[in-house]
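Data first, discussion second: the structure below is written as structure tokens.
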């Protein structure tokens, strides 16, 4: 039963929501509805306890049909929350979804104003604005866009690998771009994982190998995304492949060149977190995927000074080394994108009182992991810089986290990570182990049990944040207050391990700009909604996986990565995405072909029709920002759903009512 | 058409403020101020636009002409714009309009442009408080302009 | 160099260029005034005129639109040349089909127009003279805000909405003008309600106006429009380092991606 | 009705303002771990913050802690909650003096010091030493004699106080009186958070 | 660049127990062409006791700042305690309109805005005059001196942009620029000397002082540079009582005395004779 033809006289239904007490607490919902009934073109009003609930929506559906409504105003929560729900509801009744206007009387009224009179008055005016605007809404048909059945995944840590495998196993193609020479990310650096004490590499390597070999995954290691254009379903991505100076198809990963390199063991290895050395030609770690050598352009003598005995070339049997390799650029088109760029550790040298970067034996969590790791610089022996087995080790929690002067947030997993390190230290050395903590946060599955186990292993827990570390002879004195005893303690130890405060990678700002994502206050990528949509972003078709969205341990990262993969798959399996029909359109007869809109368009989506002497919008490229409509001097561009008439109607709705208010 | 009853006799002068907020950053920031239950004066009425680049000088003048005592335009920080650089145009149009208002003898402080990200709920509330007091001090737009 | 000599020099220039073009757009003596005229090859040049000034960019636009493939020359002063460059940026005239004959304004002409740069970049005839310092702008700014407001309310109250200022301005080439749209400027009332009509037009001059002063001279109500437009022009020059009509390659200011990083660089007079 | 009105209406007393600032303390102990004299205190700075959080103001004002503070600001620099611990201890010293708590050595020092500043506008160290030792440890003056002599030899002790000109002194006196006038209202005590076994 | 001019706030100690600090500051600033205008009728900043009442501290310091602000001059305060009180006052008045109103009410006929900047001489020398400028004018490099640079706890705390509160380096660089060897004195360079407790808790105060001297010796220093009269009271006259029998004393100097020496100013003008711990042996080492 299709309702009346939209273009006839507007018949507006106004639905005002209680939202339980969220709105009703400070806004007199009944009064607002009463007032709405007096407004022009309003033929039906109704209030509702929970408009977004099924019964709530059912009420509206019934009203639309019974009262032949052709315009709907819903005064409730923010349109960014449920506008999509209401549009789907209108669609269900056959009414075009864009003949709707939402008045935000919760986030912008009831939750922020305490005075009931003022809040109710403001709610009335926002409803009046919506009622003034909605008659001017025109039906708009969302555009369908084909979704390319492929995904770009940025970042090859456990998050990127998990998402890649989920999508590849579902039969869609994945382009996995990893900045480092090998995938594996931070997890590859770990020795054991908590709480199961699995060997990190044992559970990660199989997934790395799968990802490296999967026929549906094209791996671009040692590469970065240069730029992204287009929109969901049709992202054109330009990838920069940094030159390895090693032919990947020829290199067998035997490592002879790395042994022959003149600078062998002379350069600090990033993978070993500066605890071990590598040559200019190197393979980051034995289980690297792809297992190929790479030559470091900043240190290799030939590449920097142009002269070297090039022992690597002589050592390489198959002749894989090629110093003439250049940067390569590859263009691909993908339907969806998943960002899995992970995290970095906070640079503790910004806190001089802990001596990080000054005293040899003050290390951070990942550096200590490398000491514990069998393929690490010390083959798993926990020893001080000068090779001594430590008699006492102190682990300091919350350094660089939960601190207004550095990072106010808690990095969530460093308590558990430090507990695990303490266990490993207790297991591998006779040393006395101390842990200086504020609140030991062990909330995950099996975490509290692990904490009890570590306590049981004789680790001394001191409830008090480590305040400073001072070198005295060959001992490091950790000073803190044991707040449970109310005593200041000074504990001499041989090694201090600072818990890992997690921060976004240094180049996150650049990545955010390339993918047009904004960032939350803590600097990580901002999710579409912290509670309901943690793996989505504001850019449709771009998803987040892992710690790039905020500190996460491995189980949460894997779950989050699968969530992102699932959402990408749901888009790709649908094959189509609806693009909001909010696009600009040039009114040809009004256009004087001055081209100001062409210059103003951020997406270069407007062209000039030379013969007809007027501009026109390429609708597929238009993203609906409206900059052109504002730039056009003769207002010859109509911005669908945000036309000048509609915005002015909204203003008149507000200010018209206000002047009345003054007269009263 | 009934008039909304006001339970106060002649109310003290409450400025009428129109806020043009961009959907992706400042509008989300205003929502965050709501979910964080911050409080700020109720004088601002928010009009949602897709991008601050949508706000033409003519639209701002129209808001004043319709009786707004203050107009504030809030957009994404430069570099954060969901539409790459829609806000670059805003950063020229609104300040130049302020200059024109000042030259024409209209208090430029009635118009303000700020960048507010989706994570800056507190900043939004502070800006609204400040701007409301600024406009309250300037008095009704009727003193400088024929409205309605 | 007095007017007669300049006229003679221009006639020489025209005769020189005439063979390469299909016509020369310049001013012709009409009674005591002047009017734009398309001199065709072989026409009598005796009636050629230079003063009083008339903005030639609009005639160039109309003629080029009518004869898109023809090549013309035009006798331009400084403001004409700069205006043609700005209009070229908006595809209204085509510089590649235009040869300019640059005429530097005389002292009196510069004073008459209160012109800051009374000469084109390419001067073919006349010697350049010093630009006139824009002291009247600062005098106006010295007035307190209330006085400025009263000044403009009084001035705009005399406006009879004849659209003269818009029609004479070469930059106002829109097919349909927002000033005539009731949505923006309430129609049916004279004078148009303060300040919509005049501030909308002022905003449309930002980054385009070359301060030729014609709008002010044309206004039957003697409204000193150039004060507003020149103040905005000065801001655009100082803050964005953008000189209207100076560089054809530069995109139109207000639409380009150039952004104002520090908003305090523009400090509107609050007093 | 949102009952979170924020702790301190404008007219909150000093103690109420302190209680509000300390409300965010997470008892991490960094202040105590950074404090040079904490080991000699009956309540470490952190324990003192806990007293303030619990509203046990009398115990806090009785403590030796507030008189052991050298105002070296290490605690304030490192506090992860950005609490100005040093300034809070300073204010507690002021309240302890104003409310006539038992006289401590530090209290004598402060009173003598400010008394001299009030009288001359500048410090006169000999009078400070004499006033302090008379009240606290009369024999101490003997102990300090050798140092006194050394300083005298080096001409580092001026025999007479340097007095500000009359007009300057009047301003100084007005400052002290104005500050005392504001101090008149005894600080209202926020009620303790919960009963604590004695 | 135009000559640097500052309002000079000596503070009570610099007229008595720290007179050589005052003389060396004036001599060095004069040699470097920096003009110091002593604030007329300056009053005591209230030192540590003033911290018991914020308004009292702001008013006492505010009175001095008002004189400088009226003349558009920044303030130089050599004594770290006075520097902290004046700087905290300027920052509070600048940041908080309520504080500004209250202070101006208490001061009466004055309207302080807090525009004035308060600087320790260390900041003026290193940031405004500049190390290059000073290095150029060194005529007698302090070769043979192994200096432990001691900042004390107040120059860069609680918050002062000019250097790090935990590990400041301005004095280290300055001493190095004078040609002296500078030992790594972290973290003791900002440790508290205990001065505030000299009378009320002598034992603890002297213990803190002794620790500083022992650590300086351990780090190989043969002298120490100070920047505060209260630290000087502990590390010069009270160094004797602080050390135990047989422990080697460490000559200490105001950093401005050492700069004066390096700039070739006559040592008598710099008040070396006023030092209690005799500097003779170390100055002799200066070739």
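Observations
Note that the chains are named A, B, C, D and E in the order they appear, and that numbering of residues resets to 1 at the start of each chain.
Quick note on the criterion: a contact is a pair of C-beta atoms (placed from the backbone, for glycine too) under 8 Å apart; a residue touches a chain by one contact, two chains touch by 3 or more.
These numbers come from a predicted model, not from an experiment.
The minimum number of touch steps linking chain A to chain B comes to 1.
When the C-beta contacts at D-E and at B-C are tallied, the pair with the greater total is D-E.
Ranked by separation of Cα centres from chain E, the top chain is C.
Separation between the centroids of chain C and chain D, computed from CA atoms only, is 72 Å. In this assembly, the C-alpha centroid of chain B lies 34 Å from the C-alpha centroid of chain C. As a whole-number value, the distance joining the C-alpha centres of chain A and chain C reads 52 Å. With each centre defined as the average position of its C-alpha atoms, the distance from chain B to chain D rounds to 47 Å. Taken residue by residue, chain C touches two or more other chains at 178, 184, 254-255, 257, whereas all remaining positions touch fewer. Contact with two or more other chains is made by residues 166 of chain E. Looking at chain A, one finds that residues 114, 353, 468, 600, 602, 631, 635, 644, 648 touch two or more other chains.
Chain E makes touch with chain A in their complex at residues 164, 166-167, 186-187. Touching chain E in their complex are the following residues of chain D: 36-37, 40, 67-74, 76-77, 84, 86-87, 90-91, 93-94, 97, 104-106, 108-110, 113-114, 117, 121-123, 125, 129, 132, 136, 140, 147, 150-151, 154-158, 162, 164-165, 167-168, 171-172, 174-176, 178-179, 182-183. Put simply, chain A touches chain B in their complex at residues 35, 38-40, 78-81, 104, 106-109, 111-115, 117-119, 121-122, 124-126, 129, 512-513, 516, 518-521, 526, 538-539, 582, 600, 602-603, 623-627, 629-631, 635, 639, 642, 644, 647-648, 650-652, 654-664.
Of all the residues in chain C, the ones that touch chain B in their complex are 141, 145-153, 178, 184, 193-196, 198-200, 202-203, 206, 227-228, 231-232, 235-236, 240, 253-255, 257-261, 263, 266, 268-270.
The touching residues of chain A, when paired with chain C in their complex, are 589-597, 599-600, 602, 608, 631, 633-636, 644-645, 648.
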